[in-house]
Every structure is written in C-alpha cells, then in structure tokens.
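Two complexes follow with chain A in common, the first pairing it with chain B and the second with chain C.
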Partner chain A sequence: MTMAPPTGTPGTPGTTARGVAGGLGESARRPDGGPKVRGEFAFAGDLWADGMLWGATLRSPHAAARIRSIDVGPALAIAGVATVVTAADVPGSANYGLEERDQPVFAADVVRYAGEPIAAVAADHPETARRALAAIVVDYELLPPVTDPELALTGEPLHPDGNVFRHLTIRHGDPTARGPVVVEGTYEIGMQDQAFMGPEAGLAVPAEDGGVDLVVSTQWLHNDRDQVAECLGLRPDQVRLTLGGVGGAFGAREDVSLHVHICLLALRTGRPVKVVYSREESFLGHVHRHPARIWMRHTAEPDGTIVSFEARIVLDGGAYRSSSYHVVANASCFAAGPYRVPNAHVEGLGVRTNNPPCGAMRGFGAVQVCFAHEGQMDKLAAACGIDPVELRLHNALDHGDHLLTGQRIDGTLPVARVIRETMALPLPEPAADELLSRPGAAGRTTDAPHVRRGIGFAVGFKNLMYAEGYMDGSEAACVLVDGLATVQCAAAEVGQGFVTLAQQIARTVLGVERVLVAPAETASMGSAGSTSASRQTWMSGGAVEQACLAVRDQLLAHVASTLGCAAADLEIVGGAIRSVPGAALDVDIAVEDAAPGVPFEARRVFHHRVTLPLDADGQGDAHVSMACAAHRAVVDVDPELGLVRVVQLATAQDVGRALNPLSVLGQIEGGCAQGVGLATMEELVLEAGKVRNASFTDYLIPTALDMPEVVTTLVEEPEPGAPFGAKGVGEPPVISSTPAIVAAVRAATGVDLTRVPIRPQDVALADRPR
Partner chain B sequence: MDVSVPRTLDEALAALADRPDAMVLAGGTDVMVGVNAGRQTPTAVVALRAVEELRTWSVDGDRLRLGAGLTYADLLAPDLAAMVPALAQAARTVGSPPIRNAGTVGGNLATASPAGDTLPVLLALDAELDLASVEGRRTVALRSFLTGPKRTQLRTGELIVAARVPATRPHQEYRKVGVRNAMVIAVASVAVVVDADVGVVACAMGSVGPTPLRAPRAEEWVAGRIDWGTGVPDAGVAAEFGRLVAEESRPIDDHRSTAAYRRHAVEVLARRALESTLAGVARAEAA
Partner chain C sequence: MTDTTYSLNVNGADRPVAGAWLGESLLHVLRERLALPGAKAGCEQGECGSCSVLVDGVLTCACLVLAASAVGASIITVEGIGPAERGEMTIVQEAFNDAGAVQCGFCTPGLIMAVHDLLDRHPDPSALDVREAISGNLCRCTGYGRVLAAVEVAIERSAR
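And then the complex of A and B:
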C-alpha cells in the first residue's frame, strides 16, 4: 500500500474485520501518546522518593592514564555529602559488560577513555554532589592515548583482553574468480550518537532483604539486572528492576550506565538515590555508533553481473567491548548489500582504542557497510555504463538466493520489489523559490541561482533478531477477567510502540477492547530480551500472542463446559463468543459476560527458530530473518558553500505485515531523520580521544527545517515463521537513507564523496588538497 | 543566592553597585547554559527582565536607539525590520522561537562571542553603545568595545543600556553559514551595509576571528569601483571584494569547522551579499 501523509485522526476507534476496535492492522492509538504530548508522561528523570539523595559520577578527563591515587576525603568533608564510592567499594565483580565483563564499574588503576567513571557520590542536593565531585583529588599519570584503530591492531595491549574484539573472515565461493570490470573504494563513517532526548536516569531504593529496587530507563531489564547483581555480589532476585519512562534509546541504553553506581550508593547510604545525567554526561555515558574505515573491491561482468567482492572493515570499538563482537558480524555478513555475490572474501575487525566505547546503534553494523557498498554500486554502474537502479535490480537478492555466509534465504526478501516501488513514488516539485526551502535556509546563504538539484538511490538490508546461535526468548503473561485483559511482559517500551502492539494483539485474539499493559519489571516476569535488533514485535509480540491464545482457549473451554458443548464448537468473533458454523448449539455471548468473576491466566515463552554459529570461513545459517528497504533521495545543494538541503526521501520498505501502519510510518520517518543526520551533520568530534562537542549546541541533529518530505510504500509480504507475518521495521529506514542522500549530493556536485557526515568543506573545497 | 529584580534602570545600577559580583541576567540564553554546565556559579543575580526602559526603541532623527533588553523576536517586528533589515535577518538565524523570545541584544553584546549573530551587523552599522553605572554614563563605539573572545570593555558595575545605529540605511544584509538549516551557531557570517548616498560599503564578519571583524581594506577598495548613480559595480568587483574580505579574516580550525572553509565561506558570502545589496541600490535608483 502507498501511504500519503496520514490524514484524519490516527487511532480513531474503528472496526476491525473481527469487530473489535484497535486490533491488529489498525493505527491504534498509543496508550502513552496523550500523556507524552501533554507533557504528563513520567520519564525516568522525573522519579522522586521521599528522603532521597542525589548521586553524581566523577569521570576521567583523560583518555589514557594510570591512576596513582584517589583522595575522597575532601569530598566527604563537605556538609551534605553522604558517601563517596570508588572501585575499592564494589563488593562483587569489578567489571561489567553487555556480553563480556571487560569494563570496570570504576576505573581502579588504569583509565582507558575520557569519560570513564572514577567515583560516585551521594549528597543531599545535586549541587552538593557536584561540589563533592570537584573536591575529589585524583592523581593521574598521563599516557599517550591510542586513537587510531590501525595502530591499536599492532600496538601494545590496552587491556588484558587485548585490542581485537573480533576478527571475522568470510570466505565464500571461488577465491580466484574475477570479472573484467573492477571498482574499488575506501569509505569512512564518523562516530554518530543516538542522541536520545531523555538522558540516563534512575532511582535506586534499598530493600529490607538487603537487596535493591531500581527504576531505570533501559532497553533490557534482565541483562541489566544480572550485571548489577554480579557487581553488587547479590543474587539476581535481590536486584529488582522496573522500567522507568524511557525517552528514546536507539541502542544507547543496551549497556549498563549508571545502574551499578546508583545501587551501590543506595545500599551504602540506606537511602533512595536518584541520578540524572546532564546532556554532556549522557554523551560521555553511553556507547556510540562505531566509526568505520571500509575498503571494498567489486569485480563484475560487462553486463553488471557481480562476480567477486572483497572487503576489509575496520570498526573502532573504543575502550571496551560492549557489543562490538556482534557489530563486526553484522557489518561483515551484510557487507555486500542485498545483492547476489557468488565469490567473496571479507575481513571484519573490531578494535579496542582509547576512544569512547562504541556499541549498538540502530542499524548495528549494516549502516556503515551500506554507505560503502552503495557507493560501490554507483561506481560499478558507471563503469559498466548501466543505470544505477538497473544494476541493483540486475543483482538483487531474492528468496532462494544465498548470503555471503552461505545461508539460503528461505523467507521473504523482496529486494527488487522495494527498488521498483521506491522508483514508482512521485518526485517532488521543482525547487520552490522560497528562502527557507533552500540550502542554508534561515542563514540566507543561498540565492536561487546557486542551487543544484541531485537524485541518488540506495538499497540496504540487515538481519532481524539476534544471531549466531543465541538462544533468544521472550516471556509474556495474560490475565482475562470480565472482559478486561491485562498483559505483562518485560519488553522495554522505549518509544517504539510495543505497549500499543501488545494491546492490539490482545484485542484481536481475545475479542476485548479494554487491555491494560502492566509495568515491565524483573520480579514477576522472565526476560523479554532486548528492545533492539528489530526484535520485539516478533519475539515479545509472539509471546503476547501465545499467552493470549492460551487464555482464549481456557475461556472457550470454560464456556463450553458450562454449556455442555465442545470447545472446538466455539470461537471468538468480534467481541463475542459464538458457535462455529454447523455446531449443534447456537451461542452468542459477549466475551465480558461469558464467565463473570472467573480469571483466566497464562504465561508463555516464545522462541524463534534455531540459528547456528559461523564457522572458520564465516559460513553458517546464523540469521533468523532479513528485511530490506530502498531509498531515493532528492537534494538541493549549494556547491560553492557545500550546504545541503534534503528535499525528499522516497522509500519502500519490506515490513512483512504492517500491524500498526501509523507506528510503521513513525519508525520510517524517524529512521530517515537519523539517516539525514548521519549524511549531513551528526558526528561526535574527537581530539586525542576526547569528545569536543558533547552538547546539542554542537552535536547537531536535524531540525524540522532539515527534515525532508518522506513518501512511503509499505511492501507487505508476510514472513513465514513470524508472528502475524510481521517483520521488525525500526532499523531498515536508517540503513540506506544515508547513502541515498550522499549519492544525490554526488550527483548534484560531481564530487566523489567517500565520508559521512558530509562536511561543507568536503564539497566546497573538494578540489583543494587536504 | 541574592536575586534582585529591579524595575528601573537606576534600581538595576544600584543593585549592581551593591553586588558588583552579581551575574547579570537578561534572556539567560547564554548565562543559564553556563550555570547548568557548572561553568558559572553565581551567588547573586541582577535580573533585568522587568526593567521596561531597556525594552524600548526610539528614532531620533536618522539615529535608531535599540534598548539592550530588546529580544531577537522584537527585532523581527516589521517596523524595526524595515529600518535595520540585516539585524532582523541576523535575529532570525538565532535559535528557535523560544530562544528568540528570550535572548536580547544586550546579552549578545555582553557575551561578545565571536559567533554572536547581531554583532557583525551592529559592527557594520558602526553602532555606538550607551553604557551606564552608578558612576555615570558613557558612550563607546562597538568597534572598540569588543576586545577579544568573550571580552569587552564593560566595567564592573556597568550595564549596556542601548545600541545606537543609523535608521536610514536600507541596503544591508546578513548571511550566515551553519552546518544545519536552523538553530545553529555560525561557522562564518558576513554583514554588508551599503550607504549609496555617500558611496560607502561597510562589511563585517563573524566567527572568523577573536571578535567580529570589519574588512577596512576591502571596503575602501570597493567604494571606488561602484557607479553610485546606478548602484552597478565594475565587472568582477564583487568577486574581488569577496577575496579581499576573506584576506582580512583571521579564522581558526576548531570542532565546528576549518580555517580554510571559513575563509572560503566569508569570500562567497561577502560576494553574494555585495551583489544583492547593490542590486537593491540599483532597484532603488531606478525607481
């Protein structure tokens, strides 16, 4: 279906095919939408407890140093300071980490990045806490920071675990095969930040059992809980996490940030402790998208058929591992893009440096390689004298084809269709002669004759869900009483709309309109896994469906027993239990009246199909499912000043099935905004490992004047094995939007741009030596 | 913390004399960023928002007097924008509407950032500043008021009361490059003010030196190469003017841009601004 910008009131109660409003397939209204729009939603930063203290974190200003000594005495001497903790006060594991525990809770003897926590304080007021931080005396012996991953590869180890997080080699097909047409390029991607609006925040409350209750904004409650418990030396059940209101995540909340610090402060003081990061601290306190340097060489037949592909991908993982191991896998597995590549050799490297740690961000490795492979496809098209879109169609992957890893695509992957549907979308009107629509906009830099328009195209894909044999699961529970369903799952709602989806699933399965979504927490629920990898609709949506189906079956069995018929004779149609056609009885009872006062309860764990590790040649069925999208960008450029205005992004996306079309559009537009940002402005600028622009004054993200019109087609080919046939939709919009914009700027200017974000000087001074 | 909220200028000056260490708070768009970041820890504040006389403007002959408390949004009002259009253009590039509703001309002057958006315009207009303290009043040319990055001649206990500029120079323009289409700090900016009656071009640049800079050699060079009867420059004059302006810039590399790009940008902006202001002169002469 092709969607114009939505009209009318989204989520207006209508009627589904089954007669219950707000079910699957509708743009059901978000339960948290009204409060968020009205400013009434409680984010984690709004948490409050009587008698609470304020925590704050001391961070290293140096990227590499040895700590000779730490004197907390002057801080403790300040009136109102309750406690100061350092590495010496961590009762359990000294280290934490999303996958491997390689990151110290507090640096004890070595500092490996600028921003690394050294100590934390709890005080009666945030200002007291700040003064206490300033009073702590740390004697550093400065070391030269290693900030170039190539140097780190061959240099002294920066950590006992060494400097290589992963070196993955993919060997596929015939290593000697080569085509007559050769294109080669090196591409660079700067360090993008997730730049969520709600900074890291939490409230820890010490409990009677010696444990701690932590309300925190996160993407994965249970993984946090396990890390926190290890570091505190407590049993997992003594650490109870509840999701605080999350103001965006995009991967940056997968890792532990303030969690251990705040719990430690609460346990030490016996009082509730709140921590809210400042914007600057937020930039220092979470992982970023890996900067990358990527070399690629394609060979092809003169007709554009790809013969061979070689790549070397170097991802700067920064000081600690986070999810680098798996970002390397994604970057490597999807390095060639959604194209048939019979012969390939890929080297993927994730390297430790003294730069800030990098980890998960929307697109997870696929973003970096897409910028490179799409640059290559345009070069290949030019070398073959073929239209770039035709070249992509000619090589497009489809069901039944194989990935670089040898895995056969046994689900849907309509690459050619998303390309064609994108190209079928209308182009924008010619540039309006209006100041604010030109490059430079309010700055009045650019007059109409200075503007050149360009069009670019790109396609990308990535996997959905975790990979390489990870045994993933999600648990959900459902209770139905008198027509009111309550659904519970520990899936983190980070703004993506899982709470809406859970309601829609329950409405459709159970035939009730009233559905409560209980808070996400660890005490009563098993893990739902992370809100990442485009996985919650599939995994936790699947768990909610199964729990609801089990409740429906109990309800029908109960009604059948009271009526003396077989459960198989009954079904839920709309809001009613009815007899199936041809049944002996004629039943029509409203679901809410069917079993007065009788609760029906079920709890289910959902798993996706088994995946396998990659072998020594990087081969194996490591991935569950894939999704693709294409983007066509139209840009207006002022070439002389190097200023870019993105006019339109047209995109067709492979969504499986759109369970909430408005939510899907929201994901697409938001992903496009992050793609515009990476293409034109978003970069954390480092100098000797230190972030120079840790503020929204200088880390620029797109404003309304930078955001183009987005025109969208949702390609619905239900995915076998996926609940409701739906694919995750959050990541594809951010993968190919960036290279499409860069291709459009290349087309407008003739400049061979090989780095994002594009800086004005990259265009304006392209003819000058660097 | 002592917070004083004077209603009159005299009350404000007295409050500041009483607490010379007080932080002066106008719109707060700069100082509150500093406070929130912990760079400033005021123990006393003199808040100027209630001083109505700072928030007025008036015309006296051919001089326009702009109260220091006028906000960027105030500068966008049509009657003011008609007299000093480049100041309105500069104001429009500042922040978002809430910031423009809060930030003031006096704040921009006192902060004295090399990137302050109204400063190149005021500098090209040869603005004079009225300063006051309990000791008395004085007038200082903006050109000498700005002494370095975030440094001015403002003395302890002294407030900026107003800026005075010509009210009758319609051919003026401000252009600013940032790496975003709105809400962005200038990477480079240029203001050009043409006085066709006396045959003078004034040009000032922002973000390319320790303070906003005039380009006196380029101004002098270009003045003799324009037919002031028609507003038409000699061939190639605008391009050469841009090059000369860029030569007088003193940019640096930092996390926002490079010196080479900033020099290039002021060259392009100066050329374009001269072309379009002279086109305005030509239209006016033809009319």
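And then the complex of A and C:
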C-alpha cells in the first residue's frame, strides 16, 4: 500500500506565501467532504417532495422491431397509477440528442436498440410503477438486428439520417513514403461502461408558470435544459435545472436520459415525480464507450524512426449519434499516439448499428486508438531490435512538433519526460506469497509455481477541451461582502472537485478564507459547458478567476477612493490589502474590514483560444491543448488458467500545474482503475444487440483487491494560455494504463493479445511459444 | 398491494413504519419512509456495498434484507455511526475527509460503515486485510488509493 507522494513543486509561487489557507497549490479539503462522509450530502436520488409520485420507464427488449401497437389501458387500470405517457404525448420535438436531435424521446414506430424507451408511468409507489410497466402491451414485429458495423456501412439505412455518423480522412505528408521496416496489426476494444456508482436520478416539480423545475444528476445543465424545453414545447426559461448530487459521471451523464420523461410525467400529473434508475436500467439508459476495430500499419527506418502511419478505425456508435461525430475525430487525430509521424493516412468511421448507443467516456476515442498504437510500437521495437521504451523516446512528440492534423504543438507536451520519469519510479518490493494476491485471488486455483511476471509500458495523449471550432465558454459570478466570497458557476460537480478548486481560486485571488460555492443551476447562470473533455479546471476555473479578479479590482478601487490613493498602489497580500512597495501611503487593512457592508459583484464569461475546423484532408488547428501520460505495468499471470493480476502501475503525468495535488492524485488513481478494468475485466457483452450482463454481478469493475499499488509522479510544466498553467488531469490516466497492462501480459505469456478486455480464454487457449 | 405497520429500531430509536408494502427492502424503508438516505442504492443486488448498515452488529447490505424481517433488530446507519452533534465526525470519517478518500461520495457511506466494522473487530489489520474488508464496496472514482490511505490514517489516529 505504499504510495509515492506526488513529486514536483506543487503550488503557485507566492500563493501560500500570501498566507491564505486553502489557496491554489494546496491540497485543500473538499467543501462537500464532511457531508459526504456523514451521509448527509443530498444526491439526486435522495430527494423527496410532498405528494411525490414515482416514475418508471418501459424499454424495448428487442434490438430491432417495428411497433404495431401499444396498449396502455391495462396499466392505467391499476390502482395507484396516475398516468402513462408514450411518444404520442410528447408535446414538442419528438427527438433529442446531444449534438443532433436524432433520438426519439419514446420509440413511436421503430425500435433501434434493446433498451430504447417505449413508455413511462407515474404511480404512487415504485412497485406499482413496475407492475404498470409489466401491464403495458406492446405488439412488436421483430426485425433482424444489424449489429456488425461493417455490415451497417453497406446495408439499408437504420435511420433517416443514415448509418454513417462520420467518415473522417486525415492525409498528412507524402502518401507514398514508406520505410523498410513494416509492422501491421488489427486490434479490438470491447464495449466499456462508465459504471458510475450513483444511478441516474431526478426529481421534477411542475411550476405555476406551466414550466417545470428539475433537479437532476448531469454533466451539462444548459444543454439538458435546451433539449428538455424543445421536447416539452416550452421556452428554455420555463425549464429550470438544478444540479442534484452526482454519483460519478465519466461521460455517461452527458446525454439526456430520464430528463424529458420525468418532466412530462410531472406536467401531466401536476405532481412532483421522482425517477431513480436501477442498476440494470442504468446500464441500458446511458451511452457506453465505443467498441472499436482498428487496423494500423507503421513503416520505419531500421533505427526505429517512424516513416509512415496508416490506420482504419471503425467505431460502433450504436443506434443513435450522441457524440460519435467527435469521438471519431479524437480517435483519428490522436491515432498515431504522441509520436512524430511525417506521413499518414487515417480513416475514421463512426457507424450506426442496432447496438446500444455509444458516446462519451473518459478518454473519448483516445483510449481505443492508444491500445492499438501502443501494440504497434511494441511490434515495431521488436522488428527493429530496439528496446520498446527507447523506441518511444526516439519518436516522442515535443513542443514545436506537428500532429497528424498538421497542427503545431505550441504549448507544452513533455512526452519524453513522462516516459523517463515513469521508468525512474521504483518497481514493486518483493511481497510474501498470499492466496489473495495471486491471479484470480481466493477461490481460484492458481498455484504459485505457475505464476509468471511481466512488465509492460505505454504512453498516450489526448486533447483538452472541445475542438474543431466549437465556440466554448463558461460563465461564473462572484460576490464579496465583508470578507465572505460567494462563487457561482453552472459547472457540474460530479466528484472531480471543481467546488474545491473554485474555493481555492477565490481564496488566492481575493485573500479571503471563507468562500461559499452556490448551487449550479440554469435560472440565474449562463452555461459553463460540460464537465467533460478535461475542461472545467481550464474553462470554469478561468471564469471563476476572471470574476474574482474583477471583484478584487472593484474592492481595491473602493479602498483607494476612500484613502485618496490610486488602486494601482494597492495589492492583496495574505488576508490584507496593502500598499505596494514604494507607494506614498502605508496601507494594511484586513480584506474583511476594508469595506464594511459594501458588496462587490462581478460576472464573467471565459473563452479559450479559437480553434478551426478540420479541412477535407483532416488538416487544421483544431485542438486547444494536449496532455500526455505514461504507464508502466507489472503483472502476474497464470498462463494455464488465463488469470491476470496487476501488481503495480507506475505513472508520470503531464499536469501543467497541480492546483490541488491530492485531487490530482485521486484523478490519476481513479483513472488507472478504469484502465485496469478495461484491460482485465470490463465489457458489456452483447448477444444480437442485447446486453447480457447489465448488473454488477456480471459486469465486473475493479475492487480494492483487484487494484494494484499506483506510484505516481506529477510532471509540472505550466501550459501557456491556461489559467494558472494547469492542464486537465482526468483523462490521461485512463488512456495508456490499459495498453501497458496488456503489454505486460504479452511479456509474461508470449501471447500476441490484440483484444481488450483480456478474457481467460484469450490467454489460456492461445497458441503460444513453449 | 397489502399495507402493513411495524416498528424498527434505528440508531437507538424506535421508528414506526405505517402503511408499508411488505415487500419493501430495509434500504427502501430507511431511505423513503424514515428519512435516512445515507445508505445508497447502487445495485440492489448486494454487489456494491453502498447500502451497508449494521444489523445487530453485523455489516449488512440493506438492499438484501426485507425491512419487516428486521423488526426487533438493532439497526445502525451511517447517520447513527458518528457523534450526534452536527458537523462532528468519527475518526474514520475524519480520516476519509482528510486523506482525499472522497470524490463523488456515493460509495462513501458504505465504505465508512465497512471500515468501522473492520476496525471494531480488528484494530490493527494488515494491508491485505484492509483490501479484503472493503472489497465488497465498489468505488468508481478513487481507484481505492486514497481510501486505503484514509484507513491507514484512521488506524494510526485510533492507536493514539
């Protein structure tokens, strides 16, 4: 359980010297930590209202069907059932969708995936609601589901919008250039689920203005609001969203789930309605990580210098678009990994099938391609007779180099440094052989003499924030009265710690320790954008900084006017307003006493620099910034049983600057766990488009016994243009952890594993060298 | 659905439950009838541990117990594990808060109960004992690193 403390130099110079506790660079406590450990924090599913009804959703058991008829009569006849709604009852737009409105609120005539909503009920008790669902009679005409994206590419359209969400081609450099060393491979990634712990939940309350108040667990309040309003036929201001406590997200709450259903039920019944998904429904009710099939071919000089790169990436987007269009872009733009590649041809495809819809999950396209390009780099190292780590160092991208898209890396991207610092971390100490720490742990039958150890390495990168010309922004407000600051922003706190960061920023800028973070809601705040793409520290952190700076300037101007000096003569140091060195006056007033009873208020919108769309050759300055990380994995494997235990992960991550080192460590360790899961156990298993393991009994995520020790180094090279120099840290840990583990299993067994998660049969039944 | 009326002893107090469906789990009754939402419904299959409570001193998934079958038992929830004063915390709760063991916090009440249960029985557990004791509590945010660190802090502070 030894954990290397984060290294590097946490802290913004001058921050802690200013003497305000809990500022930037410190591992400040979470403001919601106390309520969460005491069980007092209100998650969306913990809410309750007088006269509340329970909502529930009927979902199609079939992946492809035509609906001949729906009879809700038997459900309505059940005592305690208040209403039943179907597609016919949706007053506004029939469709919703994160980027394009292609997904029906309820299936009306066609079912495109197993789990698609058909109807919703509101009843006096959750059991009544379940019985009502069972009583609804739906007459389906079954159709053969199209579950293979290659077949969907050439088959009949499954939707009026067609079967291709995006076909992106990147042409870079000389299309004919080839090196003498050639390595090629095809890689598969299974469907991973975000599997956050708190299932989807919300409480909708009908309002007197004909609108609705919705408290819901989400990642992006304003986008939800707009979709809900469109479907309900209401103005956006008539739909008021407030963030309910969110039990994790990881991309799965970026799309609307129960939102329209619950509001419709509340408006129809005139009563508050609560919906809480079961775990099974949660697995069916949100998007997943795209399963992928990826072909890659690299050519290189004999010394390992990459000459050319070709790839074809097919992502199964399932039945509806969600964010598939942009997942294709990320997978394609970062397909070659963080390496200098002068000549490339990449084809990225996102395809509609009758599988469950796929969309955002932590890593967003970069995870799938990293598994492939890191497999390729190991192959290339072997073909060239070069150490795999040396090969990566030899080709590592750096500041000033270019991406496959032609974009010059004008910020920091210390790829070689994260590789070297990862390799410098200590290997695990020899440990006593205990049953629980063997592959398969207790209850399995691994014998110690059969266990083989392997070490693997991988590095990955991805962009931070939205791309391709998206005009992104975040709004924040700050109020300061008598030394008490209140910060408000609609950024969704989903567990990552934005609320802590907002306090830290206000403390450092304003020199006050007492900072309240007001609830995230749509009625009084503009959009903060989505809590995704590792973007909130930069975007909403930037907005909070600007609002606080404006308040600071007002405060200093006020004090200067009362003292008859210039505002430029004053600064905030520690908790005090002081005169700058050399000023005529000698001022030293506590911030909280500086302007009794006078409120200072500011509201600011933050934008990052402009990006551009990709052109017809996939070229363009489409990305704001990039971050990288490397992982070294040590595994124990029983090759005969195909059981894998990850013993240690070592990682160095490019974080720009650690604004809260303990939170950064938590993001890294949590991301590593999701990488361990994808490598060794996590996959939604589909049969004819139907999810067969929608439970924590059958969809396994790592437990405390599955997780290895994680040793971490933070690489701090401040990013120009980023508020405080900080990069988003949530996604890199989940990108290269998976391929590092698979490389280690390959090293331990000699099996050429090309698919994740690794299943026991992939190892135990494989042809391998004796 | 036939309604029934009974009484549960929760956190040291007798709490009447009136007009309840007999099929309700202890978790449902705690959360929806007794205003004790600290135990969370993460899977309702006994896999995730988010709903962990103590029933007659035994760490139990409240989702797997019918509420009516817990009549006569002493039930302790996360709301009753700590000091009654608002804002006060147990050593374990404080250690979780200090060591960065909390992110989204959904699994936290269950983990707090599991760690209390472990340390009550076994004040100086090995690292592997700790991992085993919390292996029935799924956490998706932390990767368990800071949770394990918090347990070490709690053990150290308890020994003082």
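In this section, the second predicted complex is superposed on the first by the 751 of 770 C-alpha atoms of A that agree within 3 Å, B and C clash if a C-alpha of one lies under 4 Å from a C-alpha of the other, contacts with A are read in each partner's own complex, and residues count from 1 in each chain.
One rule holds for everything that comes next: a residue touches a chain if its C-beta (ideal position, glycine included) is under 8 Å from a C-beta of that chain, and two chains touch if they have at least 3 such contacts.
Note that the structure is predicted; figures quoted are calculated from it, not measured.
Asker: Quick one: classify A:46 as touching chain B (first), chain C (second), both or neither.
Answerer: Touch partner of A:46: chain C, not chain B.
Asker: Which of the two partners, first being chain B and second being chain C, lies in contact with A:278: first, second, both, or neither?
Answerer: Touch partners of A:278: chain B and chain C.
Asker: Would you check which partner chain A:645 touches, where first means chain B only, second means chain C only, and both and neither mean what they say?
Answerer: After superposition on chain A, A:645 lies in contact with chain B alone.
Asker: Specify the partner with more touching residues on chain A, choosing between chain B and chain C.
Answerer: Of chain B and chain C, the partner in contact with more residues of chain A is C.
Asker: Is A:32 touching anything from chain B or chain C once the two structures are fitted on A? First, second, both or neither.
Answerer: A:32 sits against chain C, while chain B stays out of touch.
Asker: Would you sort A:93 into first (chain B), second (chain C), both or neither based on which partner it touches?
Answerer: After superposing on A, A:93 lies clear of both chain B and chain C.
Asker: With both complexes overlaid on chain A, does A:703 touch chain B (first), chain C (second), both or neither?
Answerer: In the superposed model, A:703 contacts both chain B and chain C.
Asker: Should A:496 be classified as contacting the first partner (chain B), the second (chain C), both, or neither?
Answerer: second
Asker: Just checking: does A:447 make contact with chain B only, chain C only, both, or neither of them? Give me first, second, both or neither.
Answerer: In the superposition, A:447 touches chain B alone.
Asker: Output the chain A positions appearing in both contact lists, the one against chain B and the one against chain C.
Answerer: 278, 436, 697, 702-705
Asker: In their shared complex, at which residues does chain C touch chain A?
Answerer: My answer: residues 1, 21, 23-24, 28, 31-32, 35, 37-45, 47-48, 50, 77-79, 82, 87, 89, 93-94, 96-100, 102-109, 112, 127-128, 130-132, 134-149, 152.
Asker: Which residues of chain B touch chain A once you look at their complex with the stated criterion?
Answerer: Residues 33, 36-38, 89, 92-93, 96, 173-187, 189, 254-258, 260-261, 264-265, 268-269, 272, 276 of chain B touch chain A in their complex.
Asker: Going by the contact rule set out above, which residues of chain A touch chain C in the complex?
Answerer: Chain A reaches chain C through residues 1, 3, 27, 29-30, 32-34, 36-43, 45-46, 48, 80, 125-128, 194-199, 245-250, 276, 278-279, 434, 436-437, 494-497, 662-663, 665-666, 669-674, 676, 695-697, 701-705, 707, 709-710.
Asker: Flag every residue of chain A that touches chain B in the complex, lowest number first.
Answerer: Of all residues in chain A, those touching chain B are 130, 278, 280, 436, 439-445, 447, 450, 640-643, 645, 680-681, 685, 687, 692-693, 697-698, 700, 702-706, 759-761, 764-765, 768.
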